[in-house]
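Next, two complexes with chain A in common: one pairs it with chain B, the other with chain C.
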Partner chain A sequence: MDENQTNRIKQILLKIGHLVGLFIAMAIICLPGLWIVLSSLRPTVEIMAKPPVWIPESLSFDAYIAMFSGVGQGGIPVLDYFRNSIIISVTSTVIALAIGLAGGYAFARYRFRGKTAIFLGFMLTRTVPGIALSLPLFFVYAKLGIIDTHFGLIIAYVALNVPFTVWLIDGFFRQVPRDLAEAAQIDGCTRWQAFWQVEFPLARSGIASAGIFAFLISWNEFALASQLTRSTNSKTLPVGLLDYTAEFTIDWRGMCALAVVMIIPALTLTFIVQKHLVSGLTSGAVKG
Partner chain B sequence: MATVSLKNLVKKYGSLEVVHAINLDVADREFVALVGPSGCGKSTTLRMIAGLEAISGGHIHIGDREVNNLPPRQRNISMVFQSYALYPHMTVAENMGFSLKIAGKSQDEIASAVADAAKTLGLEELLERRPSQLSGGQRQRVAMGRAIVRHPDVFLFDEPLSNLDAKLRMQMRTEIKKLHAKVQSTVIYVTHDQVEAMTLADRIVIMRDGHIEQVGPPEEVFRRPATRFVAGFIGSPTMNLHNALVSDGRLVFSNGDTLPLPGQFRDRVTAGQKVIFGLRPDDLYPTGHGIHSGEAAEVHAVEVPVSLTEPLGNETLVFAEFAGQDWISRMLNPKTLRAGDRINLSFDLSQSHLFDAKTEQSLRG
Partner chain C sequence: MRGWKPAPHVLLLLPAFVVLAAVVVVPLLLSLYSSFTPFRLTRPETIYTFIGFRNYLRLFADQEFWVAFGRTVLLLTIALNLEMVLGLFLALLVEKATRGQRLLRTIMMFPMMFSPILVGFQFKFMFNDNIGLVNNALQSLGLTDRAIPWLIDSQLAFTSILIAEIWSSTSVFAIFILAGLMAMPREPLEAAKVDGCTPLQSFRYVTWPFIMPFAYIAMTIRSLDIARAYDIVKIMTDGGPAKRTEILWTLISRTAYSDARMGLANAMAYVAIFLSILFTILFFRQLAKARQQIGAEW
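What follows is the complex of A and B.
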């Protein structure tokens, strides 16, 4: 066999290896999600069966129907939870983005005393596990009387997300050349206009990813929410999952159904925003 | 159109002063080049004129307005950046019309102004492209288009050609010169390339360490450099500059070799004075291969060994050893020389320069 052919075969084998590797990786990532969707459609007997039943024998939407039925018929106040989740996640994301935008821009563009220390301090706050914060936060919130309110959770999530948004947005503003804002000022912009007309559009993809990030963290957060919420006033969807646990039983099917309901908005949002995550938008601005 | 005047302009970063009380008057429609090595304060000066850098002292006038504390947008200037600084999310047309849009001009006005500028610069075909789809030279042209579209009082150029390759740089240099002839506006042009400064400018400002060394038309700074620094900076290849001592009507070099004291300096130096002797390669040539620009009596020939040659086709740069040092000479109608050959080297002393060794100021007076 000549060496060209050997190389060809080697390349084909390598490609097959890649594909198999990718398939396994994707399976590991996707299977749990798929399993949740499947479980939400199967009878509890089948979910709990040992050995597991791999291929479902019957699928039904009973869990979903039950979920939206009134309390007492196996239903939970899912619409209240959904509303709470939306209000808390969206508000905290918007605030965290606004602060992140201002902070990230300042870190990227200005020199000031203690910059590195402040930045490091921001990052350090993220090293504390959320669960460790829940007890101190509970005491403080109890004193302030903001337990079981939207406001309480929103400020907790803003505090959680701001270090991330500042850090991410700082990185994106650093990629926008300084000359552009200066050119805009020469062209007649105020500092403020230069920011909104030139720098903001160029960092938009970064801001969008910071937004998705903040939203998903707030949307999925459980540890703090489970401590700081009490009732349908403020309970979010992840906390709502606990409604399916009774003293001796867990309704896995119902839980999975609610999980699916939770995933859908997050997935939709990510899908909408990812269009804006076009990288390399600044190429061609300066010498390249 | 407007004059620009700098009075005792100072820039400090903390306690570090980088521009030391410079004074400069630029006439209406004049093309002035600020030139100097990197770190000499030329770009900082330009940025202060633009308003991108706050001034630490002194005054800047554009026209009859003092603009010391005005933001860039109120100075009616435009600037071409070294990096071009085109807005990547806008098309060429949008880039060029941006300043007019900010100024609140109507769509029609913007479109016609952009079309005019595009025609001037040959950009008509590119108006719908984005900066990332353009070549370096095209981007440079768009940056200039953006500058001319709103007819500012003063154009500021910050090393606009230094990102281009040599051939394109020459081409754009010509275009800038044509553009200036066409739009007839005041231009302040920063460059570290003395050839650019010489070819483009009406007057050249040579800066060094935050000071202005000399201001004058290209011919003057070339012919009559005021300091040793200017003499060394302007001209290519650089002027031969060597230390000497005045003694008995002669210049004595470190190894004892001598040259006659050039006539024009006879009354300006004293015996025992330490000086720097300067002679451009054009005024130093293998005998019979140069241009006689001075009086024959002032041409002094010495036999020296050749150490290196650089043939350039129509001329050859000959490095010859005299007074223990290498001297660059320019040989017209070149003949082949080899290292080690001995030649007669003519020093046209009427064209020579003397600088005081301590103050480095020209002794020409």
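What follows is the complex of A and C.
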């Protein structure tokens, strides 16, 4: 066999190997999620069937209907949890974004002493494991009487999100050339006007993705929420999911349906921002 | 001129300082203090009894604590290393794809959107010994005729948790490494090829140093949120059965809320906090080093 031919065969084999590898990787990534969606649509008998039923015989939205019609399956008030999750996530995101905007701008535009140390300090507050932070917060909140309230969780989540929003927004403002704001100021803008009319619009899409990132963290948070909430007053969806396992017989179908409800907002939002998210985190950290 | 006017950056950073101080720093100081007391939630007056380092001494003599600690470090070490390697492979696979890269990138982000609690639930469902996808598939394919107790056997449960953790976080690495690969200039690679490098050599000496900082950003971000494994373990096994999968964080929550021994739990929490800080500082330093290394080219 001449060298040319062996080379060509090698190339084809490499290509097939690549495609197979890619396919397996994507299958592993997608399969668990798809299985959850499928299970939420199947009747419980089919999920529990032995030997397993692989091809679903009937699909229905019963689990979702049961969940959203007042008190859902097993007496779990999904609607209340959903409302709490929305209120808490949105409010804490807006506040964290405002604070992060101020902080990120300061890091990107001003020189001051101990800048790196302060930045590192902010990040270190983020490393505290949620469960470790929940101990003193639980105690303080109990004293203040704000356990099981929206307010308590909101301020906890604001603190959780501020370090990341500062990091991201700092990165986005660095991408906006400094000269632009200076030029605007020379043309007679005040610093405030230069910020709102020149720099802010340029960094806007990045800031939006920082907001979505913060929203997702609040939406998904469990360790703090599981200790600082008690009832339908403030329980969020991740804590609500645990309600299903508290009983001896797990309602798998109901859990799957709740999981789908939790993932849809996260899914939609992440698709919108995926591009900005990576560029924000890397530009802040790599070009330092 | 009336009065002293603070510098603008001080004003801008003030809200962040206030929130972080109020919600993180002050409560942590409180918990530091209470780790020196025999504080129990059921007896609030115990918070005023000072017992020095007795909680810590008790902890360091406690075998159960060290087992959980060791298991946590083991879990993190294996998980982070595997995530890094798998993320690198995934990024290379996607980068090599000629068509549909956008779609592939989107699919790759999929696990990132799952909250840890959902990841835990999803794998609890799949690894269920009776109705789980994994056992059903193995049995249907005839690979085994009995139900494998994935979440009950201690070794298997640890592996299952590891798989869940890796599934959820590999994409973080893949995304950042892919960003690095895409940002890489083509010329050095071509130059290496002209100079007669094998593909492996040009990967090792050209591509790898370049994507290193990106890998470390991913590491740093991951290490900031390292305790999210708590959510996964909590829902998958809750440290059980019989504490066979107990990790540091589930042990803390059990000691604090089930046994109501807040003082002792706070002492444990401080160990956990130092562990997290250690991991973060480790990666931050690597990041700075990697950045310096390629600094000239940027």
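Worth a mention:
Keep in mind that, in the parts below, the second predicted complex is superposed on the first by the 227 of 288 C-alpha atoms of A that agree within 3 Å, B and C clash if a C-alpha of one lies under 4 Å from a C-alpha of the other, contacts with A are read in each partner's own complex, and residues count from 1 in each chain.
The criterion applied here is as follows: contacts are C-beta pairs under 8 Å (C-beta built on N, C-alpha and C of every residue); 3 or more make two chains touch, one makes a residue touch a chain.
Computed from a predicted structure; not experimentally measured.
When the two structures are aligned on the shared chain, A:112 is found in touch with chain C, with no touch to chain B.
In the superposition on chain A, A:198 makes contact with chain B only, while chain C stays out of contact range. Within the superposed three-chain arrangement, the count of touched residues of chain A is higher for C, of the candidates chain B and chain C.
With both structures placed on the common chain, the touch criterion links A:4 to neither chain B nor chain C. Applying the stated contact rule after C-alpha superposition, one finds that A:231 touches neither chain B nor chain C.
When the shared chain is aligned, chain B comes close enough to touch A:189, but chain C does not. Residue contacts after overlaying the shared chain place A:54 against chain C, while chain B stays out of touching range. Counting contacts by the rule stated earlier, residues 281-282, 285-288 of chain A appear in both its interface with chain B and its interface with chain C.
Residues 50-52, 71-73, 77-79, 81-89, 98-99, 102-103, 130-134, 136, 139, 146, 163 of chain B touch chain A in their complex.
For chain C in complex with chain A, the residues that touch the partner chain are 7-9, 11-13, 15-16, 19-20, 22-25, 27-28, 30-31, 34, 89-90, 93-94, 96-97, 104-118, 121-123, 125-126, 130-131, 133, 136, 139-140, 167, 171, 175-176, 179-180, 183, 213-214, 217, 220-221, 223-228, 230-231, 234-235, 249, 252-253, 256-257, 262, 265-266, 269-270, 272-273, 276-277, 279-280, 284, 287, 291, 298.
Contact residues of chain A toward chain C in the complex are 18, 21-22, 25-26, 28-30, 32-33, 35-36, 39, 47-48, 50-52, 54, 98-100, 102-103, 105-106, 110, 112, 118, 120, 122-140, 155-156, 158-159, 162-163, 166, 216, 219-223, 226-227, 238, 241-242, 245, 252, 255-256, 259, 262-263, 266-267, 270-271, 274, 278-279, 281-282, 285-288. Those residues of chain A that touch chain B in the complex are listed here as 177, 179-180, 182-191, 193, 197-198, 201-202, 281-288.
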